[in-house]
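Both complexes shown next keep chain A, but they swap its partner, so chain B is in the first and chain C is in the second.
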Partner chain A sequence: MAEFRMPKLGADMSAGKLVAWRKQPGERFERGEIIAVVETDKTAIEIESFATGVLEKILVEPGDARIPVGTPLAIMAVEAGTLPPAEAPRAEAAAPRAAAPAPRPAAAPRAPVPEGARAKASPVARRRALELGIDLAIVTGTGPEGRVTLEDVEQASSARPAPSPAAAAPESRQQRMRDAIATSMARSKREIPHYYLATTIDMAKLDAWLEAANRERPITARLLYGVLLVKAVALALREVPELNGFWIEGRAAQSEAIHPGVAISLRGGGLVAPALHDADKRTLDDLMAAFTDLVKRARVGSLKSSEVIDPTITITSLGERGVESIFGIIYPPQLALVGFGKPVERPWVVEGKVCARKVITATLSGDHRATDGHRGALFLDALGRLLQEPEKL
Partner chain B sequence: MARMTYREALRAAMREAMSADPRVFLMGEDVGRYGGAFAVSLGMLDEFGPERIRDTPLSESTFVGAGIGAALGGMRPIVEVMTVNFSLLALDQVLNNAAALRHMSGGQFSVPMVVRMATGGGRGLAAQHSHSLEGWYAHIPGIKVLTPATVADARGLLLAALEEPDPVFVFEHATLYPLEGETEDGTPMQIGRAACRRAGRDVSLFTYGGSLGKCLAAADQLAGEGIEAEVIDLRTLRPLDTGAVIESVSKTRHAVVVDEAWRTGSFAAEVSALIMERAFDELDAPVARVCSAEVPMPYAKHLEDAALPQPESIASAVRQMF
Partner chain C sequence: MSTTRDRILRVLGDVVPELEPSEIKPAANLRDQLDLDSMDFLNFMVALHKEFGVDIPESEYRKFLTLDSCVQYIESAKGAQPC
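After this line comes the complex of A and B, so read on.
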């Protein structure tokens, strides 16, 4: 038996609303299938299963507005061997204890915490957190080396929003979105020593290539230059992987996979930045289709949990709004954010002569704890170089 | 009830046992005419005569072996080894004979012998005369290891030791002999029971023998800072009162083990492992140990003080847990 728990869909998510079940008791599901829909302060998210199995029993009915992260929502039977490779050996090793460790990947896909990194907590704090249904990742540890102690868990429990009249009053989605952004951005500026770099990139070759490429495509399949930028960022990250990953427990954890989160502004205010998975390995057409789909689903509020959890870096662009450069705030616990401004025509020197040229300003916000400006500069340099060879993207 | 010193309490217990049971006798280096290296048996030669208070040659292996033989022959010997430092010469007798004979004979033989010895440092006697090796003895199945830390325990535990059918080793921390306190007349205590010497809710200090006073002093210091330390006197290292250890740590969720022996392979390591095995889910912090520095004991007083657990180092270990 495994518990399916309220997932943590962002560094600052402490509770979510269960909107709907997509599977009913007795129903089978494959790994990757949608099991439930959860609404966070930002958006509704479709929760995918990380394993194959059968939904046995539903513990929580849809509707409750603030279910703490980690609360068991359903019981499921998980098939051994269907867990992601990183989890499989652990599940195997613990086989005599039934499926106890198995549910974790499926049940509580924590924020983008890489395998091996876990919050420091004392044994009794862990036990009590389990009893109270509190996710240790959201508890601030006050013990030596930031260890979460029993007292911290008790305090987190008593501080948990009680179902008071005030809390029960439905807040507007916009307000909750603002609150969520406020929390994570304030944390970012409080904790992350940002450094900022900018470079101006000649777009002439890219423009020419894109025009030619789109001539061969039907209107619905045309590429936007934004997708080329995403691909170029992903490839540049292969060269400077130190910018791709997370800051976990006092150190940088690089991610091998490159999942850029693309910032998408929402009608009514606010934004989300869901992942374009493995952007470095996908073709431009594939990325374009995925990007279009992502924007559409982000705006109607049906993102998948992996898209919300997985981004390893954020890419933002305010070019459409006429802004020439953007110095963004890193989305914790990511290590960097790449910004693009509006492509503009500027006097540009080519082979000793001034001519009008379309250029774009690319910026990098880096976490100085993880990288130095030197690495950041190498990244922007690689990005500029890659964009001069669009045919290779 | 009577007020006396630790050494007088030991003497009282021996006199009580010898008066009640003609099989009990004392032997060891200088226990007779000199009255014992620590004056524990002072006056006993006059009272009981040379047959029952016997001075032995300077040969630990010989007189511990003779004690084992006497016990096998139906006597109830008390063997005083001057200090634990010299007891190593008799370790073969202890390990291979005293501890093993009951098992090797299928229960036909028993060795009801009590071996008393001084232990510990803190008296400026340097590297060869400051050992705390009771933890080594506690490693041996087949014997019991007592470490009385109070005047009452010195008397009550020694009396209990004399009633045991198997070898019992009593370790008397040498700094405790002049300690004064109340004792009960002729009342053996139960072996294998720890005692709570000070109740507290925040942290448990587990200790025994000569370190008890230091732990109580540390607890006093900590109380002034708002940390209520519980002090558990283990009293018996083998058999260890595991229930008392688990119960206390389950209450305070923080444990510091204080042991005058060297840290590596110490009895403190045993207590620490026990807590990890049996009370892992109760812990709110890693178990801490305060032991002696891993050096041969320095002679210079300030260096010796620095090498041994002290109230300040114990309190400091506690503070680091919060």
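After this line comes the complex of A and C, so read on.
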């Protein structure tokens, strides 16, 4: 048996509203299937299962109460071996395991970890402890050499008194979204020593390529400028991977997967930045289809939990509103943010002659704890180079 | 029978569900009025293509600046019923 708990779907999330169950008691679910819908301060999110099993019992019915992160919502029987192994790092807010191992008998006590020392723990246990707000130093490890395991963390969590559902917030949805953004942005500015870099990129080749490509395509298959920028960012991150990942427990943890979160403004105000998964590996057509789908779902409030949790970097653009450059605030615990301004015509020197050229300002906000400006400069250099060869994107 | 203008407004309403047709100023910039981004605008072009069967090259997008100019373009392309 395992508990399905209110997941943490963002650095700024402390509670969520259970909107609906997509599975009923006795119903089987596959890994990746939607099992519930949770509304955060920002949007409604479809929660995917990270294991295969059967929903045994519902503990909380959908309603208006704001339920604290970590509260058990249901009991489920999970098939052995279907929980994912410890994988690449995800955001501290991440990894809402749909099913977590059930409590088991307490293990023999061991000496506490000395103050200041780093408790031995598996990566998955560390992330789970962060999600649940548990100090690893006080968890009894039952793994080899006293290593704290995922089961130890779950047991420590279940031994705590269950939090009671918070009263429904009286504020409007928009106000709660502003509050959520305020919390994460204030945290970012408080904790992350940002550095900012900017470069101007000649867009003539990309512009000509895109115009020619779209001329040949039916209207339903045309590409947007922004999709090429996302792909170029993703490929540049392969060259400078230090910018792709999270700051977890005082260390930068690179992510092998490249999942750019693309900032999407919502009509009622506010924004979300869900992931375009594996953007470096996808074709432009595939990315365009995924981006179209993502924008549509973001605006009707049907994002999936993996899309909210997984972004390894954020890409934002205010170019369409006439802004020429943007120096964004990193979304914690990510390590960087890339901004694009409006493509504008400027005098540009080509082979010794001044001519009118369409250019764009690309910016990088980097976490100075994780990288130095030199690595950031290499990233922007790679980005500019990749955009000169649009046919290779 | 729906006029071209009505059909365009319906199409626009599918792209921007919050749209209040009565609040659209026919001669004012649609992007500014409705805060359309490039994805919205592309979706609008695709939806017009499907609704009216007209082909809209990317180079012609600038002719869809206002509701009035949309009506004008579609009618000249299809000879649709005047509004």
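Everything that follows uses one rule, which is that the second predicted complex is superposed on the first by the 307 of 393 C-alpha atoms of A that agree within 3 Å, B and C clash if a C-alpha of one lies under 4 Å from a C-alpha of the other, contacts with A are read in each partner's own complex, and residues count from 1 in each chain.
Rule of thumb we're sticking to: contacts are C-beta pairs under 8 Å (C-beta built on N, C-alpha and C of every residue); 3 or more make two chains touch, one makes a residue touch a chain.
Since this is a predicted model, take the numbers as computed values, not measurements.
Colleague: Output check: A:E211 vs chain B and chain C. Expected answer is one of first, second, both, neither. What do you get?
Modeller: second
Colleague: In the overlay, work out which of chain B or chain C sits against more residues of chain A.
Modeller: C
Colleague: In the overlaid three-chain picture, which partner chain does A:T292 touch, first (chain B) or second (chain C), both, or neither?
Modeller: The second partner, chain C, only.
Colleague: Given the touch rule stated above, what does A:E320 touch, chain B (first), chain C (second), both, or neither?
Modeller: Second partner only.
Colleague: Name the contact category of A:H374: first (chain B only), second (chain C only), both, or neither.
Modeller: neither
Colleague: With both complexes overlaid on chain A, does A:T220 touch chain B (first), chain C (second), both or neither?
Modeller: A:T220 contacts chain C only, not chain B.
Colleague: Classify the contacts of A:L150 with the two partner chains as first (chain B alone), second (chain C alone), both, or neither.
Modeller: Touch status of A:L150: first partner only.
Colleague: Quick one: is A:S265 in contact with chain B, with chain C, with both, or with neither? Answer first, second, both or neither.
Modeller: second
Colleague: Could you pull out which chain A residues touch chain C in their complex?
Modeller: Going through chain A, the ones touching chain C are 211, 214-215, 219-220, 222, 224-226, 265, 267, 291-292, 295, 300, 320.
Colleague: Contact residues on chain A for chain B in the complex?
Modeller: 122-127, 143-144, 147, 149-151
Colleague: Looking at the complex, which residues from chain C come into contact with chain A?
Modeller: Contacts found on chain C: 16-18, 35, 37-39, 42-43, 45-46, 49, 55-59.
Colleague: Which of the residues in chain B come into contact with chain A in the complex?
Modeller: Within the complex, chain B touches chain A at residues 253, 280-285, 320-322.
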